[in-house]
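In what follows, chain A forms one complex with chain B and a second complex with chain C.
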Partner chain A sequence: MNFKHKYVFLLPGLIVLIGILIFPIIFTVRLSLSGWNSFNPGLDFIGLKNYIRLFTDDPRFWQSFFRLSFLAITTVFLQYIIGFALAHMVWKDIKFKRFFRVLFLIPMMTTPVIMTVIWRTFFHESLGPLNDFLSIFGLQPPWLSSPGLAKVSIIVVEVWQWTSFMFLLMLAGLLSLPKEPFLAAAVDGASPFKKFIYVTFPLMAPISIGAIIIRLIEASKIMDTVFVLTSGGPGTSTETSSFFIFIKGLREFQMGYAATASFTYLIIMIISLTVIVKVLTKVLMRE
Partner chain B sequence: MKLKTLISALASVLLIGSQVAHADKWGDQFPHIAATGDIPGMCSYESMSQKDYSGRTLTINTHAIPVMGEPTALHAEQFEKLTGAKVEVTHTPAGDLYSKAMVPFQAGQAPYDIVFGFSNFINDWKRYLAPVPQEYVDQMDGVSASHKAIASWDGVMYQYPVDGDRHYLKYRKDVIDNPEMQAKYKADTGKELKVPTTWKEYGEMASYFNGWDWDGDGELEYGSAEVMKKDDLMYAAFYSRSVAYAKNERTPGGFFFDLETMEPLINNPGFVEALTDWVDAVNYVPPGGINFGLGDEINSFGGGQTLFSFSWDDAFVAAMQPDSPIANQVGAAQLPGADKVWNRDNGMWDAKYNQAPFFVWGWAVGVAGKSENKDVAFDYLCFFANGANHQADIGIGRFGVNPFMEEDFKADVWTQIGWDKDIAQSYVDTLADMEKSTNRVFPLRVPGTFEFNSALATGTAKALAGQLSPQEALDEVYAEWVSILDRVGADNVRDAYAVGVKMEDNEL
Partner chain C sequence: MSLLLNKISFKPTEEYHLNDISLKFDSGKMYTILGRTLSGKTTLLKTIAGLQTPDSGSINFDDTDFLSIPVWKRNVAMVYQQFINYPHLNVRDNIAFPLKQRKMDENLIESEVKEAMEKVGLIGFESRKIQELSGGQQQRVALARSLAKKAKILLLDEPLVNLDYKLREGLREEFKKLFNVSDESNSILIYASTDPLEAMQLNGNIIVIDEGKILQSGTAKDVFENPATAKVAEITNDPAMNINKCLIQDNSLIMNDSVQIQIPDQLKSIPNGKYLVGIRATDIYLDDQGFAFDVEISEISGSETFLHLRNNNLKCVATIEEVKTYNTNEVVKINFDKSKIYLFEESGELQHSPYQ
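Coming up: the complex of A and B.
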């Protein structure tokens, strides 16, 4: 088989790759250099005007980005802690182990938008069951009307929905761990706490990094929860980058500007996640 | 002479008899119009039954069920039975109606023959829509002049009238007209309890009736239900509150912009006063009311949770339906006014009572210019809005079809569906008075409408959430509007805005 034949066999894959990955990115870059909006459709060329506007005259984009960072880091951190704890629990020989394993996976199997609608009803301040219950104690928290509590509500929904995913990965990791290090620790008389700190946790580091990164990538795209639960409100207090881009692109029809925000966001995320992977690897794997 | 009279009377009886026969026939076959039967006309059931569109497929993009989506689907099914056409209906959330049509429009495609949207899309959509053929326009004698104007651009009709929309005040008649409540309110506040004529009175009454069980149903009631959720039509609610303070008959030439200079007026003291009132309203809406969208507002007022509400007809019609807990206990009135109105010419408040109706945008529908089924599409729309369908549709709150025909402004239409006579009269008087007003505001219908309204929603939402003061919030909106004008082109916006200003200044 000569050199050229290899390319023939690679061609179908390359065509798919170009079609679904390269072309949309190139088109987004081109679109970001245009002023496409409802009045001026088409790929005219306006240079870096959109980028200048984004970097010098749009604090809302940057506020939404920092808000997103807070929400993503907080939710993924909580998902990791809770998911790891639950996985550790059902990894042991406990009663109804199989039942719990299935139970903890249920949130992930539900449709996010539908579940968020249910959560919205749950948090509804005058008609929802939560405040109905809390009113017994004289409490009526403004779950979705207060900027602070609205963020808490989003975090609760995200953690509820996606801890299952973290649980699944961590459980798979725990089940694949070798038995020898644990036997050695037992022979040395290590307490359960020490076993976890010095054996389980380090052995789980590579899987932890993978799970955290996968969830961070997903959490950084948080959109449906915000859209259904708060529409970015009250005010702009729960607006995230993807919600901002959605508003600019598909509500206001500023296609060119939305592409600019989208591409900038992509670059920031690539850089941020690369740094996070390095830091996590250094911290968790003690390189 | 006597013979002539006799023949003429006989002919009339035969004519009426034939119509009744049609009414019976079609009313039996289509229960939706059982109350009226078919009503003769170019697009009646009888007329449509004579068309043959077998083998033709009509595609429609409409709103989600029920509001406008349900009547679209219902009339599609009826149209199929009558004409043999196949009608494919796609339901889309309100927020996506614009982009779902606009993306293919801009790409030169027409995946839908008929697209539903809002009347304020007209400027962006008109270049992609087919004008309504004259034969259809000619048979719209009953459509009110204001709605013909809203559906048209420079004298050409692009949107087929299927719905009429205004914002007006809805109130609990059993409270406001209740002598015991009036005495209690007088004793506690020293003021008269009556239908509020200013936003200040509205706020005072709403605050007084907030957070206690004033109708004795064991539940807490609140002052007002309003659309305050960002990106859920809240900007329309803000305009309704602003017109009293910012629409001054003495200063024609623009409500949103100064038409001459294209300077945005959105942060002038009139708008700031309205936003200040609105920020106060956060204190008298139900818990979570700051997140109420239109559906929440309809359910809240229609479910008897609040004293007041103001927005589209749907909440009022829903409240008046037989299954409503407050059926025949609600009243309609003009939007409240103000004891002062901003005069931008002299930069001072005019100390006079001012009230201005807001003809907010409503449902609108057009036929794609590139559609290959324009004949079928216009017949469908004509059938949708025929007399029998229209009369049946306007009595069903969830349908979202509101009065726009002259005959809708007659109380009899509403008493026939169970409304009390005085309520029906107050309702039609409210609508008719809006038609007669010479100080009206029409929706913003310019290139980039969505950008302007979205910027306003963001700014006012920040004020409602306490992130910014009313002045700061509207200053931010002003800056954003200047920036949009720069991007879209002030002259392009001016050209379009001039059409709306002519309507507001009673020149059209």
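Coming up: the complex of A and C.
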């Protein structure tokens, strides 16, 4: 067998892999060891200075990271609960089943950035319809300019935008479940509620884990919502990791430092998602 | 205590799935519902279990209106034709499932599960996953679950039909023992089957159902000896009883131009006219002086041979007590055991049975 042919056939795939994955990662690592900024563009070598600065002298990065963790876990948790509930609702034969199934999918078919612009208008403190309505009760909450409420606004928009996706995954999962265990459970004396707890939920565990992980990975990149809705404000109170990296790299042009933050973020995400998968598997699958 | 079905009808489409069914089941007894596929057996069991609501009629158990009780509150257990278990639980938890729903004490559950597993021979498989079991073992798990529940009504919907021959024989033997055990618990046992042989072997009360209607109910012996109609005679025999049109005239029974037999003594009192004649496949034997029939198909079944025979428009199946290969279109000479002839009216009702 001529081994040269093997490499010829592998080459196109390898080129793509090196071009879009391996090279950027290696370049990011190299970049993170340089002091590239708008005054000194170029790949000089400054050792671990950027890393030392990130770990010892930059609470803003860590704040944005913990804020991101909070937002991601909260939104995905809410999406899972609401998405599962909606899917369960239209899973059985109810009236207008098809209508509801399509209705619940509409948010997913909209463009997130444009929808966020609409949400921003909706939340606007003096011109928005929400406060116009709340003024009947004498309320004028500062949806986007108070640090706490701004986070709530982001959670609302994220949940609205992505629950459909969770709904779709959970409905597909429910429809793929075998019918027989439910027949057996009914005869075995399980009430509808117990049937959910002891049969539906455990049978859905593998699908739930998959759906939660997909959404967690997506949610940890929260960027467009923050960018359009609050631009990280007020102050830095809604800034997430990706938004912080974006500001450092593409607004302040501290390319080297942004690369350091990116690479650190990547490592932390890989470790924490691995741990989360393990924990979820243990809790949901009881293994 | 008894379970009373009163005028149950279920008609989801154009055809009746259950048509005006009234039955009485007494506790501590065993009933076999015998019928062909799609005759309404499963629908009837599901209706009793509560998985299906009939269009009309009432079900009473122990003087309570059963139809107003939702399925999970009725004290019934059911084993299905397909092996239905909980794929996410191991064998032990599968069997314990109905007991846990009742919030039974953990220690009690443990002993009940162990007892049920011993009965069906599953000891040693407690922590196996369902997917790691063979079909027969999966059905044993389902059976153990229904036994552990100690339900007042135990429904078995063709539980053996999807198993291979050997397992079926083995489990059927065990069924008999299990049923005797459950007799003590005073539960009602209802077993649906398509196989007449199985129904006879289980030796309980037989209920013959066809197209959603009850055709006859009675003991195995009764249904076998005195089938109420020609249809019952077909359903309760395997191979089905040969039913053919015939004419009784001047002391001879005419099936067609060439097959005519002298009327035996016990049929002498029957008036002339058109009838249906019923002869069991086992009551046909080879006879050199008999009638010539062409072989259409011959099948060897264990120690017997089934011959599908034809004489012009007259068709019948004969069981020959030997293993022999017959060629298609080969001519064989057969005769009928005249003392075992059944006569039915043209409309199907029994006119004469040799056991009367």
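Just so it is clear, the second predicted complex is superposed on the first by the 279 of 287 C-alpha atoms of A that agree within 3 Å, B and C clash if a C-alpha of one lies under 4 Å from a C-alpha of the other, contacts with A are read in each partner's own complex, and residues count from 1 in each chain.
Methods note: a contact is a pair of C-beta atoms (placed from the backbone, for glycine too) under 8 Å apart; a residue touches a chain by one contact, two chains touch by 3 or more.
Remember, predicted model here, so these are calculated numbers, not experimental data.
Per the definitions stated earlier, placing chain B and chain C onto a shared chain A by superposition produces no clash, and the two fit side by side.
In the superposition on chain A, A:P202 makes contact with chain C only, not with chain B. In the superposed pair of complexes, A:E125 makes contact with chain B only, with no contact to chain C. Between the C-alpha centres of chain B and chain C, as seen from that of chain A in the superposed arrangement, lies an angle of 150 degrees, given as a multiple of 10. Of the two partner chains placed by superposition, A:G210 touches none, neither chain B nor chain C. By the touch criterion stated above, A:G189 is placed in contact with chain C alone, chain B being left untouched. With both structures placed on the common chain, the touch criterion links A:E180 to chain C but leaves chain B unconnected. One of chain B and chain C touches more residues of chain A, and that partner is B.
Distance between chain B and chain C in the overlay is 51 Å (nearest C-alpha pair, rounded to whole angstrom).
Overlap of the chain B and chain C interfaces on chain A comprises no residues.
Interface residues of chain A, counted against chain B in their complex, comprise 35, 37-42, 57, 60, 124-126, 131, 140, 142-145, 147, 230-237, 247, 250-254. Across the complex, chain C meets chain A through its residues 49-51, 71-73, 76-78, 80, 82, 84-89, 97-98, 100-102, 142, 145, 149.
Per the touch definition, chain A reaches chain C in the complex via residues 178, 180-181, 183-192, 194-195, 198-199, 202-203, 205. Considering their complex, residues 95-96, 98-99, 102, 106, 124, 222, 229-232, 286-291, 305, 447-448, 450-451, 454, 458, 461-468, 483, 487-489, 492 of chain B touch chain A.
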